[in-house]
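Heads up, the next two complexes both have chain A, just with different partners, chain B and then chain C.
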Partner chain A sequence: MRKTFISQNPSVLWFLAALGLFTLIVTILSEGFGLGIVSTSFIKTLGKTLCLCLIAIAMDVVWGYCGILSLGHFAFFGLGGYAIGMWLMYARTETIVVESLAGNIIPPTEQEVIDAIGTQIFGVVGSSEFPLIWAFADSLVLQLLMVVLVPGLLALVFGWLAFRSRVTGVYLSILTQAMTLALALYLFQNDSGLRGNNGLSGLQNIPGFEATPQATISIVFFWASAFALCAGYLFFAWIVSGKLGSVLRAIRDNEARVRFLGYHVESYKLFVFTITAVVSGIAGALYYPQAGIINPAEIAPIASIYLAVWVAIGGRGRLYGAVIGAAFVSLLSSWFTGGGAPDIPLGFYTIQWTDWWLVLLGVSFVAVTLFFPQGIGGLFDKLVRKQP
Partner chain B sequence: MIRILLVLLASWLTVLSPVQAQEASLQDVLQTHQEEIASPSRRSVGEVLEALVATAHPDLPRFLERWQAREVWVRDADGLFFFVEEGADAITLIDITSLEVVGTAAKAEMTELRPNGGVRRVIGSALVQFQLSDPDIERRIAAVDAIARAMSADQLPALLSAIDNEPDAALKTRKSRLAGMLAASFAETEEARIAAIAGLGSDLSVDVRAVLNQILSTTEGVAAEMPDDANIARVQMPGTDITYTDAYDRLVAANLAPARISNADILAALTEHVAGGMVGGIPTAQLNTLETRRIAYTALAADGLVPPLVTDAERTAMVDAHSFFLAYDEDSSAITDAARASLDTIEQKVALSQAADLTLDALSLASIYFLAAIGLAITFGVMGVINMAHGEFIMMGAYTGYVVQLFVPDYTLSILIALPLAFAITFGAGVAMERTVIRWLYHRPLETLLATFGISIALQQLAKNIFGTQARPLTSPEWLDGALVFNDVIAISYIRIAIFVLALVFLALILFVLKRTRLGLEVRAVTQNPGMAASMGINPDRINMLTFGLGSGIAGIAGVAIGLYAKVTSEMGSDYIVQSFMTVVVGGVGNVWGTLAGASMIGFLQKGIEWMNPSNTLAAQTFMILFIILFIQFRPKGIVALKGRAAGD
Partner chain C sequence: MNNTLLEVDGVSVTFDGFRAINNLSIQIAEPELRAIIGPNGAGKTTFMDIITGKTRPDEGKVIWGERNISLLKMSESQIAQQGIGRKFQKPTVFEAQTVRENLAMALKNKRGPFDVLFFRSNPSIEGEIVELAEEIGLQDALDTPSGILSHGQKQWLEIGMLLAQDPRLLLVDEPAAGMTQAEREQTTEILVRAAQTRAVVVVEHDMEFVRRLNCKVTVLHEGSVLAEGSLDHVTANQTVIDVYLGR
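Our next item is the complex of A and B:
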């Protein structure tokens, strides 16, 4: 008898309920729609954390379920952010430029408006011409399509090349890291067309909603992030619970055997790699309007490695583990580095957590890998099931 | 008038004086030009100097120097010149020939000669010819430098006459070289210039090329007909050699065509003539397209308010009716041809030298990559262990060098201490890491990657906490300063040579250890088949530990070497880690020769790409990584792939 998807996976229900409750509580406490106990900037931090949870789930599917340790998913995240950032920046600059030109006696031509926008955006890198990649920047619909298409196509081409030549294991990790590095280095150039190391800024201002206070915008983005996380969780839970999920786990455990059973392993891997890249792009497109700025440093290989760290600490091979890991480590990280944690005086030396947090993270990461390979999620499982 | 009388009187007096038996004293010579010397002008001083130099008086150079330095005074009473020593109120007078004190005078009786900047320059150039033959070599060198800085025609005879009696061989070469360059530009006859230009053809230096380029400098020209008398460098066809826009701009500049009315000009003209919300019969609100603006402007032009538009067709016709060319500033075509030929020869040689220089650069980059990667090749290649903290071992080595230099101020000694110490420290760190972390993860390579990454960020932050974020110096010994210069293009710094030698030594050492020692034999046995090796009495645990320590120790030494030429920061390891992995993967895992091949390929590739696009090292790295990704598609096992059972898999 086929059981329904939800009844097969009770944890999904629990997760969705917890997420819904969390969203409700945050909304009630927020400045935009509730009591105003939680500050707008903290709402943004929470919204960004939800986006990080979404990319962590994607990472968990590609690594924890399929065994591909990709060190490039944060590049897809950044590409999604750049795609939406281009529209945000273009549209907002257009509003400003049209306003400032409205005072002229003779109304501007379309070309003059575009030139003025170009000067405004690219003046910082000594240019005023729109590069080809900005061709669709004036259309929200097309840029939203880019959010999905650019990371998706890059992952498709890269994955096809890599999987086709049977690059596996650590080689693949290093190759994806190289791809991320190449992309970051490319974006660092001033003539990359994306403003070099200045990146895109002012993304928190949503065109058309200039009058809306940031308190409201932040909570709307928080809802959107929560919804995206919810949809992403359902989607990936559905993928990994079906037959496809079984094949993916089999590939992780013994790729050769799956191949001998007649499965076309490369197609499965390519599918998972690409679909998770797309979800990463979407997560990035939701993250950066809340962060307000994106620059190439965000996609440096180190970011993708941190992503792997979150998933490993949270617990691989279980979706809620990725969510726990990403939320726990990224919130803890901002608590420690933001000066929230109290310093520890040792008499002869005072441990300041802004300096020592990374040391703690590195060491605890080694400890987790050595002693708790199942991560926090593993502990959670033990508690729930009362068995190892 | 009085002064002239005084001059006459003075010269009469000096003629009568008994000192002047055989030869006119310098004072007499000077007195014949008293007025011009006492108050010289930029215009007249040239003639005076010429006359003075013509006397070839032996004391003249000293006087000219003092004059230029504003150290000569004139006595108002008789117009005589003196060197002086200024006291509080009186001045001690010194004779300009004998340099003996001849008396004192009150300040009011004397006037200081204060030649202005222009005059002093002229004096300076007259002095050069004396300085060129000065007994003091420093002054001769200074004079040659002065000529080289500002070449002019009048220096040529002086320089030529100062070549033959030059005792110093090196300076003599410099002088004749400089004379050649001067002759190429300023010799009297065309034949002499052509001969001089031909003589420059074997010199690769930048200043010679500058001289030739100066001779070959061109001016853009435009005319209705191609001029016959000009020395034409190149005819420029509109559309192919020069764009129509540029060609029209040149016509406008030569007053051969009316100025172009740009869209911005139209906008400005329209804004100026707006009246009652209308301009040119069109409401301003409709002027938001180029077409309506054009119509409005044409209406204004018809009323004579603005200059008329020039249509595209008219512009094209005007451009086509004219000839565009580049004309040499040098009129003689024989000279420009000779210069072109010489420059071509030079540029060919420069290109060859640049290729050689690029090869040296690439070799040195390759040896750096090799040093950075060889330790990794041992741990990754031989043991199959990914060590993301390898870069941090490099950093530890570099910081070891820095700390040693804090205690041992002698740079040579400190480097000699730092090299083995860095090896010892990173060897220890590597062994400790292998014992505590890596050996539990031998069968989980992905998790080794993550665990060592954790160690990497912890070590990096630790270094930041201890040494701060700013770069620390690791100073090389003095004998490594400077560069080995082959010619004006090919040069390589001694540090890079030292790193190259170090890389070679390590290659030999590692090959020796792996192929000729008991340890190497055991390492290779464990690599190929740990179980079998263990049953033959080899302890795989011990071998793994030692191999890992060896790889880490080499990283430490590489750190000292890299620190010598790059900056020592807590992030220097992560700068090299991706390149190092690339080197190992491209070269082929588990093979020292493979690492060498990989390092060479990446080094040469990077320099090659940088050469094609020199302004942009970021782009070079991007393209290099893309190339490597593609390369791995075609040779997934690297350049030197292991075959047979050793390949494992």
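Our next item is the complex of A and C:
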């Protein structure tokens, strides 16, 4: 009578198999381990894409299942990136400083080393003092904890305030957008303690692995991203397939009715909002070492809007839809904006995709909303269901 | 009455100067089947809104249970957990989900997010669901998405969800609306049976349906009680005839 979680959800197995196969093929073709057909920079693009897929399934759970259109999840993604970036930058600068001071006749004191690191990191914003938020930057373990705690706590406090006041629908979207905008504007300031608009850079250099070529590092991060996506997918599939998923979809469809059934709707929303924020933070912590740089522009509201567009195009309310949407649209986006797509000369005007890609994206978003409200994942569903 | 389950005492509500409920007092016993009738705007739905915590009254008391707790400070979900179930005028089932999922959600189990996250069904729970489905005549539709059920079946599913909550007080708003004759008869049966062990309050427009329930009737008018007693008693009342039946 009772079925296991996987046998009830065959799509999970298909997804994991596809992800595993994809990871294997990319690994064999990569420069770091195999044939060298896929360049290191493209491996990084693929690894980053997997992180975007991870935040997309988080977005799908919070929006597609629970009906909360959050336009702030990239804030959590960015915070995760900043948290890991602080350690990466601190530890690497420390190595450089210690090396350069090693030639001195009098060995440098601990304070001198720290001052030198501070000057190196904050010189660009005219400071050399470590702000309080860098207190744990020398510890990888503590900064990894921050990757989870900072987005989680922000989501918990923000969500608690918003949900208990019963802010819903478009007002909540605006509120989440205001949150991410406020955070981005704050981080843009030079005295925010996170190097203002310079952001954190050099994150692709992993301390302790200076001798390891980027080809190898990139493939390791690609694996880590694939593993995180796999774990995240299993976790969310487990959440939404059980009774909790049933309650979440009920909240999405009619939250007042759920209240009269005796469920405290606000706790459910808070739970989902926080847990997806934590996963977004983890996704960000894996993304930015591959991107190499993080700055406040990354968490501008537009990023979170793109996220909603990916999930809508991919198909809300189905996890693989979110993955398809994020992978498809973000890869297409880098193809179009990276000069991959050939310009179209019309004689009187030349369509340059770097400029026109956004128009194309906007048009496809409108088209999907109007004609395929179920997104690409919905088309997929129809194909599968046709077979007996 | 010492078996009073719910006592509404001197309650008034004003919406933008309009007095929807005016010094209303009603007592419901356990078990009891009670019908509430009245013309449009008499305050029938507002009365249910007050009990279930959707609307806060300006004055008055709403007292619940043996320990005489006030419901006015509680949230909707807390009131529901006290054992008050509500069926809406328009059938509101979760159309994207199956009959089984709808019933499982309503079943009396722990309601916290973590309880629900780690909830695993078992044969006794599955048995309860099947039993409920038989009660409401949907045993063959357990795995049907409730969105494709007929109007009457949706009404039953909602009643089934109410029964699944195992409430002490059931508030039912116009259960027979839009039903066929056969469906009405079955609905009457379900409600009468439910009222053997608990309090059931039915708000209804349809006099034939109320007659079939064969229970004490309260007539509301302009937010307060106009008459109370058997259907024959209240329909013989001249004021009731003037404001309601005479139209």
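The working rule: the second predicted complex is superposed on the first by the 386 of 388 C-alpha atoms of A that agree within 3 Å, B and C clash if a C-alpha of one lies under 4 Å from a C-alpha of the other, contacts with A are read in each partner's own complex, and residues count from 1 in each chain.
Note that a contact is a pair of C-beta atoms (placed from the backbone, for glycine too) under 8 Å apart; a residue touches a chain by one contact, two chains touch by 3 or more.
What you see is a predicted model, and the numbers here were worked out from it, not measured in a lab.
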Item to check | Which of chain B and chain C A:178 touches, first, second, both or neither | outcome: first
Next on the checklist: According to the stated criteria, A:22 is in contact with first (chain B), second (chain C), both, or neither; which is it?
Outcome noted: neither
Next on the checklist: Looking at A:136 after the superposition, I want to know if it touches chain B, chain C, both of them or none. Which is it: first, second, both, neither?
Outcome noted: neither
Checklist entry - Should A:242 be classified as contacting the first partner (chain B), the second (chain C), both, or neither? => result second
Checklist entry - Thinking of the overlay built on chain A, is A:160 touched by chain B (first), by chain C (second), by both, or by neither? => result neither
Checklist entry - chain B or chain C: which reaches more residues on chain A? => result B
Checklist entry - First (chain B), second (chain C), both or neither: which does A:107 touch? => result first
Item to check | In the complex with chain C, residue positions of chain A that touch it | outcome: 1-2, 239, 242-244, 246-247, 249-250, 253-254, 256-257, 259-265, 267-268, 271
Next on the checklist: For a test of understanding, state which residues of chain C touch chain A in their complex under the given definition.
Outcome noted: 52, 54, 75-78, 80-81, 85-86, 88, 92, 94-97, 101, 104-106, 111-114, 116-117, 119-123, 126, 161, 165
Item to check | chain B-facing residues of chain A, complex | outcome: 67, 69, 104-111, 158, 161-162, 164-167, 169-171, 173-175, 177-179, 181-183, 185-186, 188-189, 301-302, 305, 308-309, 312, 355-359, 361-366, 369-370, 373
Item to check | chain B residues within the chain A interface of the complex | outcome: 267, 270-271, 274, 279, 284-285, 287-290, 293, 386, 437, 440-441, 445-447, 449-451, 453-462, 464-465, 574, 578, 581-582, 585, 616, 618-619, 621-622, 625-626, 628-630, 632-634, 636
